[in-house]
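The first chain written gets the first letter, and so on, giving A, B, C, D and E; residue counts start at 1 in each chain.
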């Protein structure tokens, strides 16, 4: 579906009629920074072909865009930059990170943005960018920057969510609470790896976009903007690397702690059994049937033995208490 | 065994008679992109010599092709590219990844493909490629691309299978099911490493094939096609790296969980023994043979004691329940 | 808040009136190394704008400076170096490392330092630098060096604190003391990673500052000073890497030791129960009600059996002692 | 000891009289590829000096050759290549990898090979090479290649042995057999690391030998032969890396499994004790001495209670069976 | 303290009077390789200033030399090379590696060596070097080489000691001896990391010293000597890396083994308790007070029951033996 399409001349939005005519006009026009922006959402092959007929995109890029599920990357074709970005969405209820996809074709006087799923923030990006004509005046590349910036800013937000989740888990594990479950820690680790798969591959191509000697971006000011995005990305990558390391330790500590708690329970039970064994033993002795057992004849033999049992149990109890076994 | 041999001129298949004559004709002919494609399967030394007599392949490449069991690689000889690829096959029944081998000699006006084992998809590749004359028109290199593309696409499929297996194992481990076995986790790890040994070494030579400054592929359009293959390969490598990390954690978590389950059993047994210890102790006391034990003379002493025992056991039972020990 | 602002001419502090006039005078003046140093603390947007109006800083650098919470970095803009540094503070009571932030704009005849939080040592830096006119004579860059040097020297001090903490934990864990807690080890690991996030990203840009061929610092003597700072930083990074590795081992050893101690307790309890089981068994035998049990009729049967029980218990006790189970 | 020495002219062996004369003749002779090959075995300093007096080897290389126990390396001196190689030998009985050493001096018209220990395969190399005159015709470097090729081929063989050992251990561990011992796993890991220390450092200098721009080998055909050796080496290194990773997992799995088996035993014992506790408790109750215990007076009270005990034990036994505890 | 100072002309030691005059004479003298060697030990600031007044060392290098506790490094100043080296000493009694420090200033016609602590072997180095005039003739750099060579040779010796310690620990752990303690393994790991911190950072600058294109050492022969030192260093680094990996495994195996041994003890105790539970249960049954218990009236009932108990216990004992539980 084509969700929006417009021409941006001198930073100002203009309606766009027939694609073919519009492009022709732009290319023969005076303003080198005027361009056409087409926004697609979950395009069918037919819809895509319609656009492609005019823009003559490279078949390999088109194939990737239609099939989706690509690796984050920036690919240079003859006069088109093809960019695949992973959008992330954090589902609070399940602490799940969901991955979506946004693709861009940045060509001669046109930008095509393609988004899959609802997670992607492209609508807001267009809106915000239309409020910044000075940015739009830089031409097609300004859209690329705006999209990347929005997506990476979103990574920063999700980074904060994951840090939150990690801190909650840390608190639970090291407070000794008994209801943490190891699946939860593992799942966070999975989400962290999912995050990492979205963010890490972007670092190299982003640095290519802002590095003067290799960049396809000719305006220096725009390159600085890409460096700014790259910088935010690196921060996120640093964090995620930490989370991964910490989660391994938290998982190990948690698994060990369950074991420790269980052993602690066992020790407690065993200690009680040991206490009970003493009166049982004494009672057994006075349950023997020897003819000559003087204590049995004492008037208060029974009471004395009960007392001995009580004292022995209490003594054991206090000894175990002192050793922290009970 | 020579499974197929044909000449492709202007993208169209033509029969091929005597090898020597055909090659001569191609080399003196007009069409610089016409070429001969010979397909071998498990060739004997004699069969290979027959082909080699005409094509004058480099002895080191021949040695590798005849001995098989090589590392994935792209080697440049004077006017031949020698490529070794690992084909993978997933055996659903055993979740086993099996490794096969395909080799290519891409030379002046000829391509030789050699496959070992049945896993390799070369027949389908030729068929599909014959349906795309516009690709074949690019000459010998189009076969190299088609084979690599088919093999890497197959990696993508197997990647999905392994992800499936990993998810099944995760589900089993974290659901606490008692019938997972650690051998299964370990075996998946082995298959992941087998996958990795097939896929990872290919990344560097593939990137060489599509990097303009180092590539032996002169047609730019073809280099873009190799970049596409490389891109898919990188995606697979990313995934496999994640699986490896996750499997280590799953294995540890699983081993720890078995231990936790066993400890849990022990705690339960001990708790029951502890409960039984209480009436045993009380019974022991009233089994003592003191002359003066007033309770023994009471009419309902026995019943009272039975009641006390029952209450004690029940109390313990409920306490253990509350602590989640039973 | 503007905490201080002054002109440094020939290494000597001079008061600074109107910003705009001062800058104009400096730029048209004779001394190429005279410069203006403005110190900001937790600046509001308005305060920052005031300064920015005169200095024309790059909006992206300004954005970072106003938002704070950036990655440590050195960014080159047209004629300004923008530097973000993480300051660290060690809280003895909790062994916590706290991260603050200092930013610098080093431009044509001016330096702006921005600090967030109270941890940052900028006041002392200015004071110390004003006592070293020969340094100040090198111009704006001398301030950058002084700030970096102070911050990295502070890293060295905190490195020593962390090493201390590690050694305390090692001593506690390997002395077998029972009151270490795994949360403490984990928290130290967190602080080590926090340290690492502050220190590691600085290594690459610092090496750029002192590497003749890439450095924006033109005075060779100043580059040597930056190399000195880089050298100290590398030392700290080496150490922190060691701590991280060691803490993983300490954590594992600690978790294993808790388990070992608990198992040791269990063994002790079980050994006592085993000892008690022997007299209980013997007593049980003589508590049987057979008509014909000759020992029951012996005059001293009871005493003999008591002796046998005592000997058995003592024997077991000594055997367990010898096996180190008690 | 000088084990063999000969001149190779045009690929054909000729006897070699006085060293000094022979070298003189070769150097002033017409054939640029004729050379002298001296083979030493465990040379004494005196024997080495004898050779060195004529060949003027570099003292540092000589020192290494005489002291032995060096790192695998390829060192270029003015007109000599000095190569240190580690030979490996697999001792089937103990699954031990033993490391030997071979050194080569490849100079102007001469090759000196030095071997330590009996493991080294130099005699066979000379024999085989003498059967390939077309190789020998390439001059001194052909000996270097032949030796490296033989040693690396031997690595491939030992790689297979180690893979075998790993597979045996995997089978033993995951079959749950109780007689694996962790020392065995650890020892294999040690041998794998020993292998790695022999093979890994060779990769960089070997790649230097076959890389056209850096190689001291001028004949292109020879460089291809070195590339072939390098390729086999890389395959071996890949495998060994896998073994190392897998062995860590196997060791952990094994250690965990022992613990699991022991816990399983404990559970079984405890379950039996729990079963025995029930009749003991019941017997205790009917061993009490209350005057009024109606059951005691029943004619078949005893038999009923015995029945109850049997039923209780059987019930417990079956419950434990069902839980897989017995 | 100045421990020694002398002039070396043409490899021969000459006494050195006034520093300032001596240096003047050397610099205006004919022999470009004559130089002054000053040896300092734990110098005070004053002593250092005395030397520095003449030699005009760079303040940053001086600061490092006076403060000590630096990272191993090679720093180039205008016409001075400043080198920091870590000396190591192995304390047999405690298996402790102790780190000392040696610094060198290699300038125009002078060398200053500074050592801290007693571990450093500088005295021997001077002695040995004075016996090798042909080395000393190469000028100041020969001292740098001699010191580095001595220190790295010492690393090789300590490497052997650590290997020894590792082997002892391996033997202890895998023999199942019960008196290994995990602190010992951990401490060896610490020493290995201490070694690593001394050796690893030296690799890069050493390779710079012998790499023709970057080296400040102009004599090629001397560069080869530095390559020799670098080679030995790399060998040591390889080993230390292995030790680190192996120690992690040994520590894990050891911790697991303690747990296994304890579990084994528990199983033994429990087995004995289980054996004792059987006669206790039987005795309980015949201690019941039922009126009608025929066995009690049998003449040899008691003896039969004793026999049954003995047989039951023996049977259990042998079953447990067979299962290897006792």
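Quick note on the criterion: a contact is a pair of C-beta atoms (placed from the backbone, for glycine too) under 8 Å apart; a residue touches a chain by one contact, two chains touch by 3 or more.
Remember, it's a predicted structure, so these values are computed and weren't measured experimentally.
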Copy-to-copy rotation for chain C and chain E - C-alpha atoms, rounded to a multiple of 5°: 70
Homomeric contact chain D-chain E: same or different residue positions, threshold half: different
Distance from chain B to chain A - Cα centre to Cα centre, in angstrom: 25
Length of the line joining the C-alpha centres of chain A and chain E, rounded to whole Å: 41
Chain B: positions in contact with at least two other chains: 252, 256, 259, 263, 266, 270, 273, 277, 280, 284, 287-289, 293
Round-the-ring chain order [start: chain D; next: chain E]: D, E, C, A, B
Sites on chain E touched by chain D in the complex: 170, 174, 224-225, 227-228, 231, 234-235, 238-239, 242, 245-246, 249-250, 252-253, 256-257, 259-260, 263-264, 266-267, 270-271, 273-274, 277-278, 280-281, 284-285, 287-293, 323, 325
Complex contacts: residues of chain A adjacent to chain B: 58, 60, 63-64, 70-71, 73, 75, 77, 178, 181-183, 186-187, 189-190, 193, 197, 201, 248, 251-252, 255-256, 258-259, 262-263, 265-266, 269-270, 272-273, 276-277, 279-280, 283-284, 286-289, 293, 295-302, 305-306, 309
